[in-house]
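Below: a set of structures, written as structure tokens.
Shared chain: subunit A. Partners: subunit B in the first complex, subunit C in the second.
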Partner chain A sequence: MSDLVTIFVDGIELQVEQGATVVDASKRVDVDIPVFCHHPKLEPVGMCRMCLVEIGMPMRDRATGEPVLEEDGSPQINWGRGLQTGCTVRVADGMRVRTTTDVVDEARENVIEFLLTSHPLDCPICDKGGECPLQNLTMAHGLGESAFDFDSKMQNEKHVPLGELIFLDRERCIQCARCTRFQDEIADDPVIGFHNRGRALEIVTLSDPGFDSYWSGNTTDICPVGALTTADFRFGARPWELIPVASISPHGPEGANITMSTRQEAKSGGRVVIKRIMPRQNELVNEIWISDHTRFVHHFADAADRLTKPLIRKGGVLVETDWDTALTTVAEKLQAAGSSAAGLSGDRPSNEDLFAFQKLFRQGLKSHHIDLAASRIAGGDVTAQVGIASGSNLLDLGRGDVIVVVASDLHEEAPIWWLRVKQAAERGAQLVVLNVRPTRLDKFATHLVHYPVGEAVATVRQLLGAAQISDGASDQIGKIAEAIVGATNVVAFYGYEGLTYAETDVLAKSLANLLQVKNSDGHSHVGRVNNGLIAVWPHNNTQGAWDMGIHPALAPGYQSVDQPGRSAAEIYSGVQDGTVQTLFVMAADPVGDGLMNGRGLLDFLVVQELFLTETAKVADVVLPAQSWAERDGTFTNGERRVQRYYPAIQPVGESRPDWQIIEQIGHKMGLDKPHFAASLVFKKGIAAGVPQYSDMDYRSIAKVEKQYPDVGGEDLYYGGTSYENKHGLGQQWTSAAESGDVAMFTVPDVTPSAAGALPVIRTAALYTPGTLINRSDVLSPRMAQPTLHLHAADADRLSIATGDAVIVSVNGQSLQLSAHVNGAAPQGLALINGVSYAAGVLDAKIETA
Partner chain B sequence: MIDGIVELLRGMGITLSHLFKKPVTYQYPEEKRPVRYRFKGRHELKRYDNGLEKCIGCSLCAAACPADAIFVEASENTDAERFSPGERYASTYEINMLRCIFCGFCEDACPTEAIVLEDKYELSFYDRASAIYTKEMLIVPVPEGGQDTPQITEPGMFDRSIPDMENPK
Partner chain C sequence: MLKEKYAKEIESLLARYPEDKKVSAILSLMHIAQKEYGYMSQEAKEEVADILGIDPTHVLSITGFYSLYYEEPVGEYVLEICNDLACALRGADEFIDMACQKLGVQKDEITPDGLFSIKNVMCLGACDRAPMLQCNLKFHEHLDEEKFDQLIDHYRQRAAEGDDRAHEVVDKILIETHH
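Coming up: the complex of A and B.
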């Protein structure tokens, strides 16, 4: 830790780290210095002058260097010649700060008066009104009158779309540059900037499409006025009318903490609806940022085509029915199938749902035929052993530490992790990036390896070998191995880009072994805080699905079962050849995803869903489930942090929580009575049945503690409108390595998937069309288009140019794509983007349409 | 005894004299008494002379209302479909007259003088739902020479919600 210095703020003595700014330091003792341009997460610029304070230093005798003392023995203070900006001055030992003197007050009055000369009288219609730093600081420090002529007020354009998601009101901007600095420093998307000077200065977008960044919504949170607003919330409601509900992002493995602002709305027929999604501070998870995906994707919860009643197939068509009929039918059919019944689940539902699901099969039907409908990446069993240790915080990684990212494009797959990894690299951590193609992380990498197609596993093996021998080989792999073994802390991320499930398993185990290699001091990189493995799961609760035992061979808590059931692939083939007759699909669409070819020879198919998906269309019974916004539950993020979310809106139609539906079916089959609440499923089921969760309950997960920087309180001007976390920081479960040594993994052999003449891999895009995101109109212009990326040389050979329509046949499906020759693909590899998932290196045929 | 009879007669005399005075009673509802200038009766939502609605859907009246009687929902104006000056208008505006205590705080809060408590006071209902006055019931008719809303307007003509202020004298 950095050295502490002692300073005095308004007479209060405090110790702070060297390097802190006066504003941030004063905040620690609740002395608020008003700011506009300063933000605790951004570098200081000193642009607005709102933070002017008096700063004095103890005087020293020039000759002797001794402090000069007053008569009473206290040090004599040199207050300098004027006011200084508290946001740019760093603390120094013995520093005195005065924030309440008349000169300071007058300076504040002047700054406010000056800012208001260009600011419109818009508060009544401004989306920021009510949570606006300028409003609040004007009330607190403004003079109430102005020497300025009303007629010479600046009049600027009020309706400037900076792209489809963010709107700018030029009049309201106070030129603090928080937005542009956020985009430069934090998001690394410098797509907006200042144009012109003085009163004519304006924010312009430099990208096409406008404001092209996954983080744009965050600028509306930190903009100290209502200059930037989101297309989603514009004029939606006044902030004080909204009811905040704590929740967790339903997408992505990072588990971003969010607050849903809800309001009862006449437009929506009197329903309570989600008006906006805001970040909720959790410095351990997402700090105060969320991606636009998280911010704007919520519309599926309120979509008009949600299932509202159970459906049952009668005379070949699905007709509405009552719950009792539907549940009885399902219970009878499942019971008739007994241990041959199979269950497939998505990785979106809560831990409670997933636990109930496996219990229905394992206890109710004595069947282990359960799996995730779409398994992309293996290794839950590995992270359970050597996953990132509890108590870790990516924010603590920096100089001396190493972060490894293998086969993942974090920017698209887990943007919050991308942000945190990038920031750690900027703090001095060495970043090792191994991928088959360039990604957004490359530019921050200390060691960058673009391995040849199909050699991900071989490369990691090589790395492991080099680490184990540690012969100081001077080739690149040798150097990386040395850096990893010698690092203070190591966190390794692995993904599944261009890999098959079996390959990711090898990857996970090889990396696990790599982390276990001990350095000369006998330390390994597992089981210690800020060390360990992280799988870049495809969904918000893939981790929970592993933990809850949605696996044919692993019961809850990774206990192996004697007779493993069928895996998803075996279930799909069983559906086709008639060996699987009865199938229960929860929160997944295997037909729509091309995994299951219709209902095959199934005798009975029950689907539990939000929408009438392709799979639901061919089902015998469709059970309407509630979305995450309508109920409570827990998700476990990729760092194994179990987090709670709360009900925000009323249930749509007759829909019920997944766990409840399953327990009601179970009850009809002779299992226990359904629980009354999700918290009881957690307490009586999960905490009792999953050893890793035994020390948790809804209360312990909901614990909070004071977080720094202090964001979301009354003083919105300091950190922006991210919400304060009052509903839980979550609880991480301990990996096996934390409580004792774990054995090295036996790494199986795999044959890399064979590649054709021009190998093709599918790459992830944050806005890939899907069941949920498609229902968010605001994101539709930004949706990833089906694209084929080619290297110039390959494009020449195939005589394809940018913009050509091409047909790529992959696994028997033909995809209509538009070709792009733009440097995203390395030579000898084509990338397909914006299409649904396809595993491994694909043997694809590329033709011009 | 005599005293008592005198008092009795005096009382009856007063009663008798009133028989010949002009009565103060109004024969409500046939006959209505005009209200005072500052009377606070049922609200009206006002319009500008050109017919545009003064209300900009800011919800400040709802925030000020001590009885929580007002509900406002805003939407965005465009030049092709303009209800009020500026970018925001009230797409839903409701006052629950059963809740309203006719305090006039909403009037005070309104930045555009859109909501005004006028002289109508006949507010009785057979059920609770009909006590909720919607925007259509509250808004005044389009003044002569004005146009009904939504209007199609020139771009740049009405881009500010709040009427321009004058310098303090």
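Coming up: the complex of A and C.
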């Protein structure tokens, strides 16, 4: 903690960290100094002059250095010669601030009057109207009449698309530069800028596509006027009609806290619909930012092609049926199959769904044949031991700390973590990036290693070896090892880029052992706050799936089972050879993803889904599930933080929550009666059955405490329209290392997947086409196109040029891709982007189409 | 391509700045680009951005900020006439009207022979010699109609004599970079 100084704001005494600005400090005692350009997450610039206050310092006798006192013994204050901008002045001991004097009032009136000289005042048709800092501050400090002439207002363009996602209204902009500074300082995408000067100033973009950033939506939250709006929400509703519902991003392992703004509307047939997604403050998770992916992807919930009724196969075709018939059929078929029945789940459903799913198999059918339909990355059992300790906050990492990122392109896979890792590096943390190719994190890396194809595991092993010997070797690996062992705190992220499942297992265990190496003080980097391992899971609840025991060998809470069941791969082969006859697929599309070749020799296939996926099309029974927006539940993020989301819209058709459907099937098979609510599944099932969750319930997860900066209050002008968190900061479960030493992991051997003449790996893109994202029209222009990235030398050798259509055959599948020779791929490695997952280094054949 | 045509100049410009501060060379690079293309065309912006590894938005932003970078094509001789307070009080607005009329163009247009364009600029710091204009970086002060006529004649003559565009700034940069 930095040193505290004492200041007085309007007579209120407070202690505040040195270095805080007067505006931010005053906020601590609820004195709201109006601002436009200042934002608590951005560097001060002092551009708008709205925050003018009187600032005084105690006088000192020049000769003696003693404080000069008034007659009554109080210090004499030198009030300087005028007003100062509270957003740029930093607090100093003894400082006095006056925010309510006549001169301050007059200054505010003047600034508002000046800003309005060329503002269109079209609040009645402005999206921001009702939650607009300028509107609110005009009501509070405006004069009501202006000395300026209406006719001399600048008339500027009102509907300027800055790319497909964000629109600019040029005449509303008050030139605060919050948007450009956000893009520059926070997002590191300086793709919008000021153009011209004075009243002619306007925001422009020249990037291709326009406003090319995964973070663009955040600028609409912090723009203090209605100058920036999203294509998705603009002219969609008035803010005061919207009912905010707390939720969690249904994508990505970071667990971003969001608010769904909902409205019941005639044009949607009287349904309550989601009008927009906004960030909800959680300084421990996503602060007040969300990616555009999280912001715009919600349309799948309201998609027209959602399943609305159970379907059953009759005479070869799927026809609608009633719930009872569907449930009875499924129950009978499952029961008939008994312990031979198999279950595959996606890693998007809630903990409640997943817990119920495994319970149906383990208790109802005595089958351990359950697994994730598409496992990409191992290590849930490892992070359970040495995962980032509870109470950690990436925001606390900085000087003296080390962050390691291995085999992951965080910017594409987990953008919120990318942001937080980048910021930690900017605060002085050493960043170690190990990957097979350049990523956007390289720029911030202190130590950067691009290992040769197939040598991810070997490189981390080398690092572990160097750390254990710590002979001060001066080669790069030696230096990295030294930095890691000697660091105050270490957080290590690992992903799966270019790796097989087996390789990620080795990676997780090697990194776990590396973190356990003790430094000279006897400290290791596990089991302590701000230390530990983080897996870059592919989806929002992969962590929960591990915790709930969606694994053939691990029951809930990582308890090993005596007779492990079939893994997903074994289930798929069983489907082909007839050894698996009955299969339940929940929230996954193995056929569409190319993992399962049709229904093979299955006797019975039940699919529980939102949409009629390729797998659902070949099923015997299809059960319509509710999306996350229609019900409540919990997701566990990659930092093992269990977080609640709440129902926002009515169920679509007859769809039901996954857990409920499963419990109803179970009931028909003789298991307990279904619970009445998700909260009870959590309390009676999860908290009782998963030791790590035993101290949690829906109330404890929903606890909140005051967060700084204090965003989301009435003073919208301070932090923007991110919502205050009133519905829960979540609860992190404790890793084993926190309650005592854990043993070093035995690291198995693994052979890296074989590479052909030109090795190929699949790389992630945030907007990779998929079942859910495909339903957001607003994102369709930004979707990653199926592309093969080649280095110029390799492209030459293969006589392939940018734009050529190429066919890449991988594991018997051929992918149609468009070639790109643009520097993204290193020499000797080709990258496939914009296609669904493919594991490891691919032995691919590249041909021009 | 600037990169090829001015390789030496660009290299020596970039060499003046530390590795992580190459962007500081942007103004000089933009002068070179403008000399090459006559104004900051889309190509010019993209090439400068490419040399510095930044987004072209950044170059556009600077183009708009400084009046010496032109966003639209200009004549060989750009008459930048100040009509800020002091000049305005000394009749700059009327002077601009007169100039436009004489050359038969509106502000920001180019004369049909491609020689002149007239621009309106803010104070150039020669208020005591108002009204004034700047032509290709050279100040002309205490102006009136007669002096304007002489000025135009002078430039016409220079052009007739085959004066290579007088972009002194750029030449200065280029000369310096040869050392």
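General observations
Assume the second predicted complex is superposed on the first by the 849 of 849 C-alpha atoms of A that agree within 3 Å, B and C clash if a C-alpha of one lies under 4 Å from a C-alpha of the other, contacts with A are read in each partner's own complex, and residues count from 1 in each chain.
Note that in this section a residue touches a chain if its C-beta (ideal position, glycine included) is under 8 Å from a C-beta of that chain, and two chains touch if they have at least 3 such contacts.
Just so we're clear, the structure is a prediction, and the values are computed from it rather than from any experiment.
Once chain A of one complex is fitted onto chain A of the other, the partner contacts of A:159 are limited to subunit B, with no touch recorded for subunit C. Residue contacts after overlaying the shared chain place A:205 against subunit C, while subunit B stays out of touching range. Look at A:793: by the touch rule set out above, it reaches neither subunit B nor subunit C.
Contact with neither subunit B nor subunit C is seen for A:849 once the two complexes are overlaid on the shared chain.
Note on subunit A: of its two partners subunit C and subunit B, the one contacting more of its residues is B. Looking at the shared chain after the overlay, A:265 reaches subunit B, while subunit C stays out of its contact range.
Those residues of subunit C whose C-beta lies close enough to touch subunit A in the complex are 45, 54-61, 63-65. Subunit B contributes residues 56-60, 62-63, 71, 73-76, 86-88, 91-92, 94, 111-112, 159-162, 164-168 to its touches with subunit A in the complex.
Of all residues in subunit A, those touching subunit C in their complex are 189-197, 204-207. Considering their complex, residues 120-122, 124-125, 129, 145, 149-151, 158-159, 234-238, 240-241, 265-267 of subunit A touch subunit B.
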